[in-house]
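To start, the structure itself, in structure tokens.
First chain written, first letter: the chains are A, B, C and D, and each begins at residue 1.
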Amino acid sequence: MQPIMTVAELERFLDREFPQIHHGGRIYHVEAVGPLSARMRMDYHERHTRPGGTLSGPAMMTLADLTLYIAILAHVGPVALAVTTNLSFNFLKKPEQRGLVADCRLLKLGRRLAVGEVAVFSEGGSEVVCHATGTYSIPDRR
Amino acid sequence: MQPIMTVAELERFLDREFPQIHHGGRIYHVEAVGPLSARMRMDYHERHTRPGGTLSGPAMMTLADLTLYIAILAHVGPVALAVTTNLSFNFLKKPEQRGLVADCRLLKLGRRLAVGEVAVFSEGGSEVVCHATGTYSIPDRR
Amino acid sequence: MQPIMTVAELERFLDREFPQIHHGGRIYHVEAVGPLSARMRMDYHERHTRPGGTLSGPAMMTLADLTLYIAILAHVGPVALAVTTNLSFNFLKKPEQRGLVADCRLLKLGRRLAVGEVAVFSEGGSEVVCHATGTYSIPDRR
Amino acid sequence: MQPIMTVAELERFLDREFPQIHHGGRIYHVEAVGPLSARMRMDYHERHTRPGGTLSGPAMMTLADLTLYIAILAHVGPVALAVTTNLSFNFLKKPEQRGLVADCRLLKLGRRLAVGEVAVFSEGGSEVVCHATGTYSIPDRR
């Protein structure tokens, strides 16, 4: 299944509908979309650092949630007001103090529910630092 | 099981060890600790708003994660460097654009793992807007 | 919110629609229903035992899933063909080789989704051995 | 990372330590093990059927849990008494009344915790019917 929105369209949609995510600096970027998939990047920001030279859990959760949302939107289109119903995270490894990349793969894209998994990596790294699965509820389309 | 740290001690610990959570304004407050429980409050902040007059999912996730951490710390003491291994969220209701309160109850406080559940409410509200369960890994204590 | 089915009606529904759960012996019993809640009991059965004098994880998961289903059915009525979309379990303590009791509390009973949490205890025990949260999708009702 | 137990050794271990899983018929089979992975098969059994020509959720959960356990055991060896601490399931599609196959990939194999994801398919099918993630606690080894 092919996406129906481009990276540029998705970025414009975020800027218009979710300007608050850029509060304190533009750090979230849509990197790529593909069949049932999307990739985002989050730049390193000092507010996400934590003791021991790592990044906060919520920084990874925020990026994973956003990447799942973007993956769904890319396939459903900009009109849908999808809402998260469930998110589950496993934290596997402390990320370094660098940017993060998140790869989302949609496992299901139903009429009412979409389910996906997200793997979060340190920029340039190959090991998953956080793994997420989540469900979005998709409103009725008429 | 009684907590071994007070609200004031927990707040000082956060200020000293996690100053980054106050980036952009001091919005997180420890409200109460009790036997296997803790309560935190998050002030309303414009950066958490989302379309439709609600708050972001990550705002609720961040508060829930922090409240679970504080509940564990209150019972284990300030030396432990506990790390989240797992968090699972159900989003039940869109919160209003107000402050949030989170109540954590520890379900297990073992030697290696602590597990708790967190109910997040809108300030002054009685309905759970987000429910979380999570596990922290507790390092070996000698 | 009051349930609209009684314990006897729920048991008859299970017998009629889900006779397979009684395969190998009738061990699941609806104990009580109340406002947004339900309780079930699972008798001890040798097939659920595991090394170290405990019960299997799947025995607890099956009971928790069934109790959540019964809690929803009790409030939605026998016509609905609800399906589980998500279940998340924390295993807190090894249960003894005894019967299990599960208490479900519905956190949300929406038009399309119902969410609940379940605490599983050993019969006669007071400590939670397994904690579950789950979501059922409720089909359109006309 | 290579497994240190073979399929035959894993099957013998299950027969010896977990004879109860074969209660009512031998339906679980270790199919393959590989680097950080394992595959199991569950034969179709009438006790798992559910209304609408499908299989029960607990049948899928039991298989997923067992496959994760086998994947860990294959890499850690038969002495370890690993216990599940957390399991999270997304049910994506009703399985047909056929056998099921489960593919597990370990995301982390630490000293104390192992985390994996499991995709469950209908035998001969290519779509994931159930997706699971789980954590096992590994006892201290001396």
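To be clear about the criterion, contacts are C-beta pairs under 8 Å (C-beta built on N, C-alpha and C of every residue); 3 or more make two chains touch, one makes a residue touch a chain.
As the structure is a prediction and not an experimental result, all values here were calculated from the model.
*Asks:* Using the contact definition stated above, find the chains touching both chain A and chain D.
*Replies:* Neighbours common to chain A and chain D are B, C.
*Asks:* Of all chains present, which has the mean Cα position farthest from that of chain C?
*Replies:* Max centre-to-centre separation from chain C belongs to A.
*Asks:* Between chain B and chain D, what's the gap in Å when you average each chain's C-alpha atoms?
*Replies:* 33
*Asks:* With chain centres defined as C-alpha means, what is the inter-centre distance between chain B and chain C in Å?
*Replies:* Taking the mean C-alpha position of each chain, the two centres sit 29 Å apart.
*Asks:* Can you give the whole-Å distance between the Cα centres of chain C and chain D?
*Replies:* Computed value for the inter-centroid distance: 23 Å.
*Asks:* What are the residues of chain B that contact at least two other chains?
*Replies:* Where chain B meets two or more other chains at a single residue, that happens at 85-86, 88, 90, 115, 135.
*Asks:* Applying the document's contact rule, which stretches of chain C touch chain D when the two form their complex?
*Replies:* Result: residues 17-18, 20-21, 23-24, 46-52, 56-58, 61-62, 65, 81, 83-91, 94 of chain C touch chain D.
*Asks:* Going by the contact rule set out above, which residues of chain A touch chain C in the complex?
*Replies:* Where chain A meets chain C, its residues are 85-86, 88, 112-113, 115, 135, 137.
*Asks:* Could you list, by residue number, the parts of chain D that touch chain A in their complex?
*Replies:* 88, 90, 92-93, 107-108, 115, 117, 128, 131, 133, 135
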